[in-house]
Amino acid sequence: MSSNSFGKLLTVTTFGESHGPAIGCVIDGCPPGLALVPEDFAHDLARRATGRTRHTSQRRETDAVDILSGVYEGRTTGTPIALLIRNTDARSRDYDDLLDTFRPAHADYTYWQKYGIRDPRGGGRSSARETTMRVAAAVIAKKWLAERHGVRVRGYLAQLGETVPRLPADSAIDWDAVERNPFFWPDAAQVPELEAVMDALRKAGDSVGARVTVVAEGVPPGWGEPIYGKLDAELAAALMSINAVKGVEIGAGFAAVAQRGSQHRDEITPERFLSNHAGGILGGISSGQPVICSIALKPTSSIRIPGRSVNLRGEAIEVVTNGRHDPCVGIRATPIAEAMVALVLMDQALRHRAQCGDVGPVAPRIPGG
Amino acid sequence: MSSNSFGKLLTVTTFGESHGPAIGCVIDGCPPGLALVPEDFAHDLARRATGRTRHTSQRRETDAVDILSGVYEGRTTGTPIALLIRNTDARSRDYDDLLDTFRPAHADYTYWQKYGIRDPRGGGRSSARETTMRVAAAVIAKKWLAERHGVRVRGYLAQLGETVPRLPADSAIDWDAVERNPFFWPDAAQVPELEAVMDALRKAGDSVGARVTVVAEGVPPGWGEPIYGKLDAELAAALMSINAVKGVEIGAGFAAVAQRGSQHRDEITPERFLSNHAGGILGGISSGQPVICSIALKPTSSIRIPGRSVNLRGEAIEVVTNGRHDPCVGIRATPIAEAMVALVLMDQALRHRAQCGDVGPVAPRIPGG
Amino acid sequence: MSSNSFGKLLTVTTFGESHGPAIGCVIDGCPPGLALVPEDFAHDLARRATGRTRHTSQRRETDAVDILSGVYEGRTTGTPIALLIRNTDARSRDYDDLLDTFRPAHADYTYWQKYGIRDPRGGGRSSARETTMRVAAAVIAKKWLAERHGVRVRGYLAQLGETVPRLPADSAIDWDAVERNPFFWPDAAQVPELEAVMDALRKAGDSVGARVTVVAEGVPPGWGEPIYGKLDAELAAALMSINAVKGVEIGAGFAAVAQRGSQHRDEITPERFLSNHAGGILGGISSGQPVICSIALKPTSSIRIPGRSVNLRGEAIEVVTNGRHDPCVGIRATPIAEAMVALVLMDQALRHRAQCGDVGPVAPRIPGG
Amino acid sequence: MSSNSFGKLLTVTTFGESHGPAIGCVIDGCPPGLALVPEDFAHDLARRATGRTRHTSQRRETDAVDILSGVYEGRTTGTPIALLIRNTDARSRDYDDLLDTFRPAHADYTYWQKYGIRDPRGGGRSSARETTMRVAAAVIAKKWLAERHGVRVRGYLAQLGETVPRLPADSAIDWDAVERNPFFWPDAAQVPELEAVMDALRKAGDSVGARVTVVAEGVPPGWGEPIYGKLDAELAAALMSINAVKGVEIGAGFAAVAQRGSQHRDEITPERFLSNHAGGILGGISSGQPVICSIALKPTSSIRIPGRSVNLRGEAIEVVTNGRHDPCVGIRATPIAEAMVALVLMDQALRHRAQCGDVGPVAPRIPGG
């Protein structure tokens, strides 16, 4: 399969460079009959977009989605759905002095070594601009999951640099709060503190990492395919494919290293699972508990503090990034991470229906599990 | 692609249940002409095997590999290589009382919900026995990577429960030490301490998690395919597909959350990269630095301490696992993790050759990077 | 996907050489709960086997199928089903003088050019021995198609050299007759004539081509995926992948070239389709009419009449094939062609269920169409 | 893989409906550094286009190709190449009375049964309009094959209804003649005769089938992957996926049925192959001889002669097709068939390089074979 394609039965193929004429995607395998209009895309694209607050890059794209195919009179037809977004605020001139420069911790050097050629404008294909189409494609997955299975996929920022949200004792997430601040932060009272951190970073010309957690509620038991098509394995690939991600956890994640078996195992009663260290996945298959995954995002490497590097001729140079960048790319990663989780879940749901569509009701099913 | 298959051009398909007659795999896409004899498999299979020390399950399999196809007069022919290992020490009787039991934190419940049927003997397909064939298949990948590209893939145990190895200031790994103790531990002096921890665990009937780190040295720049076929994304899927893995990190991993951009970015000089927080991968493509990844393994759920669960009829029960199990499955995960890394690397190497096989020498290349 | 794998959701991976220790396959994606025992394979494997009459190669294999995995207490579990058949009557000595010979019209030359190495014993991987596993795998597909959808896949020999069966005016096939003679011939009265043709061929040391037609009845409308996953496109690939096949037709096939549109189009009434030139497929999707496809098989190239060729050193040589061969490989191709059609249909059935599993009843449906 | 995608390493994904706003494709896996400008597409798109002569549909599309991504300063970068063509001459009103009609021998009925919804405008996704993007994508494949391997892929009309071209004794094709007439006919003197046939057909409101042959010269030995990835199997799928194709032949094709082995086998001398009944493929791998394949195209079903059918309510109706259609779709299929052959060849070339890229020169190679 094409490396710019994602998913086995619900297949998303994206294309486009940061400063090319357009970005787009083709979504194949969507069940027919799903209601879909261009307006459906606005909400999530706005959540991902730059330029909405002073804490993100100031590039402002309208991100207007054109549905080119696959929809007839407001409903999907089962044929490929092509989505197109024209780039309107590309300022390639900012990158002129980067034409022969390999910025540290960017893909410049590796693209060059691989292909012997690269599109340097705005990072070309390696720009996070590409993730716009993931979010757009996942709007369809989220709709289908919600309408057909009652699944809801939501994310929040679980750490920003060294700042950690104060959560209630039961760790319940205040999703309304998350939706109301530009940091996707679950603790509204902390938002001013975050703003101060961000302002200081921007002033220092530096950046910081972040941690994002996504929770999928309502996933029925049985989704996921052992052995290499495990639900958690595919979530890991999907999330690690997001720009700047350096780590993925399912449930307890790395905390499981220091746990005892008697502590980690989620005991079961006829009424419920007593804990969810597994993050809703056992043996690669959903258990019916919420699916929970977290990612680590590195601090963006596009900073104003000068750094050492080399140029095309192998000479030592000093690099300063002046383009429009995010001091913390992790913030906007929240809807992108949700998108990848939703796409994986819908793909697995279709695959489960293919193989096990006639498996009868299997008793007992643990409530919420 | 089949969910029991792995890899795009070097494709490994595994089959077999823990207590079935045999386990096996088919490796397709291997370049012709590679020397291969049954003895090649012995070393890595022994490293993965149970029953070699008192610290692992006492099941003792001979793990004798039969090459059924794809090799002629000691060389691969380019046709599929089938490997078969007969199960000889399956003691299914141990599992008789688990036939209608869903063990907490096992795949019993989810397999049942998905398929409406399951092979309960020894965990059936969800047993770690399956990973034997990953290790066997990766013997081929390791050979090819070493002979053709000088790549070396090695792993070590980076944490056992709360115990962390004492590494020298430059974090250099003593690979000889790793190879000489059953814990794959890089600090020989600590081994007695580990043995004490394990003995205490076994006595307590409990288990503990672990962290394994794999380092691939000699990987040339250019391997890996953006966007969804990123080298790190495929490593994440490959590693997360290993039984009991709950987290994957590339390079700095979750430590990157609290880092500053000025700290995380790996500066470059004409002589070398000045650090390797990226773990050898930028934009999904290898940089030429060592590829470094770590995984978190949960404590095995098969413990002797009783736990609450339900049975097939939905009744509350108490579960005690008496079969032969590892108090820390993470230890034996080291060669398995190496195997998955090697398989991903060889697959990406072939894919790179396919698309970019005629890209000429690209100057400059940073030494060791 | 591996080139030794076939199918998207029901994936069959085969391995093994003609004179290696064994041949086998792994079938992944089979729905759970299907009854399956080793005896299920006997009938179709016997239909495909050599050595049953004097008109086929005299190699006699027992073709005993060992189920290595994926079945528990007589039912499929949803995990990969591995089947193994040991080779017992390989006489590699017959091929000793072919070690450095490129037989005309065989794969010897092309395997050599591709891989730089080949297993010459009995044709190695390029032998029709491989098709045994296709027939075995398709036993599962035929069972599932019959039990779940009432689909029946049957083939017959539609031409042997220049001999064409005499069919009744309505072209109805006497399937009982087909099953009762070793030629899969629909006209029992002609069998002595065929035997005379075959005896003459064997005496002359020559061979002849054949045409096989497969009919799948009971296929519901809606199976098949436009554009590149068309049902007819996948049938074409599946059938052309059989050794010695040089042509594939759907419905009218090449006869459509000289037809008028007014003649070819299958008119529809509320009661039925008035003809079936389409062969049951429109726009790549089944119409509900019988799916009909035919293949052309070349005369086997392993004949006793000397032929010119070259050897490994590029020298002109004369080749005479003395091994055990079929004067008409097309005869035994009948169950193989059925197998490929059944595998394609089951795969498409699963894919259809994945995408359109919740499409409600769509009126009107033409009876038998 | 998406059913609207084609190819394993060179992957083409197409989208778009006949009367939607646009059609397009994404080509992934193209090697970097290939020169590519929008003008490259004009020639082949014009060869495929309607409206150029009175013998094809009168729909006139400009077919202007917009390159949206994957090309930087006139060279491919290795990232996905998106091509877009706006539909400008869609006259959906012609189809208003077909909204609830199932035209005989069209995909109307089967799309409806599969999806429960269809885009009726101009045939929607099932229209031959989709093949425009195959031709566009194959422009890239043809360029790469020619530049890198000296491969040339060309087709001609080998039969139109009952008319067969008069070829010279050695069957050599006059490619200049083919290129100079709108029928892709190899015998210039016969063109007036064809025009008369076509005029008569148009007057009668009927249509006729055709046979197209494609020849790929310069293909080196070794391309193609046994067993299911055979070069001929993939050609068969690729060609059968073209609208209206009902049969595919490689080399001698169905003529092989009546041949003797002594006649069919292509004998070899150190200087050359003595014939090419195999069509350049042995055991699924190219032999170095010209790769030759032929297809049968059914007469278009869109004709003015009334035909019986049913409507959405299951009522008997009479259908007359008044839109703009081709009396022989087979004519314009020539560049489409070339396109599919070129795409398969390039994909196989990349796959061969992946697996066998380091197989050294293998002696002897038969000249032109």
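Just so it is clear, A, B, C and D label the chains in written order, and each chain counts residues from 1 on its own.
Note that in this section contacts are C-beta pairs under 8 Å (C-beta built on N, C-alpha and C of every residue); 3 or more make two chains touch, one makes a residue touch a chain.
Only a predicted model underlies this, so the values are computations on that prediction, with no experimental measurement involved.
Interface comparison, A-D versus B-D: the higher number of contacting C-beta pairs is recorded for A-D.
Most remote chain with respect to subunit A, judged by CA-atom centres, is C. Subunit C and subunit D have Cα centroids separated by 26 Å. If you average the CA atoms of subunit A and of subunit D, the two centres end up 39 Å from each other.
We define each chain's centre as the mean of its Cα atoms; on that basis subunit B and subunit D are separated by 45 Å. Each of residues 1, 3-5, 8, 14, 29, 32-33, 78-79, 114-116, 125, 226, 351, 356, 359 in subunit B touches at least two other chains.
The touch graph of these protein chains is complete, with an edge between every pair of chains. The part of subunit B that touches subunit D in the complex is made up of residues 9, 29-33, 78-79, 148, 226, 350-351, 353-359. By the touch rule above, subunit B contacts subunit C in their complex via residues 1-5, 8, 11, 13-17, 20-24, 26, 28-29, 32-33, 66, 68-70, 72, 75, 77-82, 84, 114-119, 124-125. On the subunit C side of its complex with subunit D, the touching residues are 1, 3-6, 8, 14, 102, 104-107, 109-116, 125-126, 130, 159, 161-162, 206-211, 221-230, 232-241, 243, 245-270, 274, 277-279, 281-288, 296-303, 305, 307-310, 312-316, 330, 351-352, 356, 359-360, 362-366.
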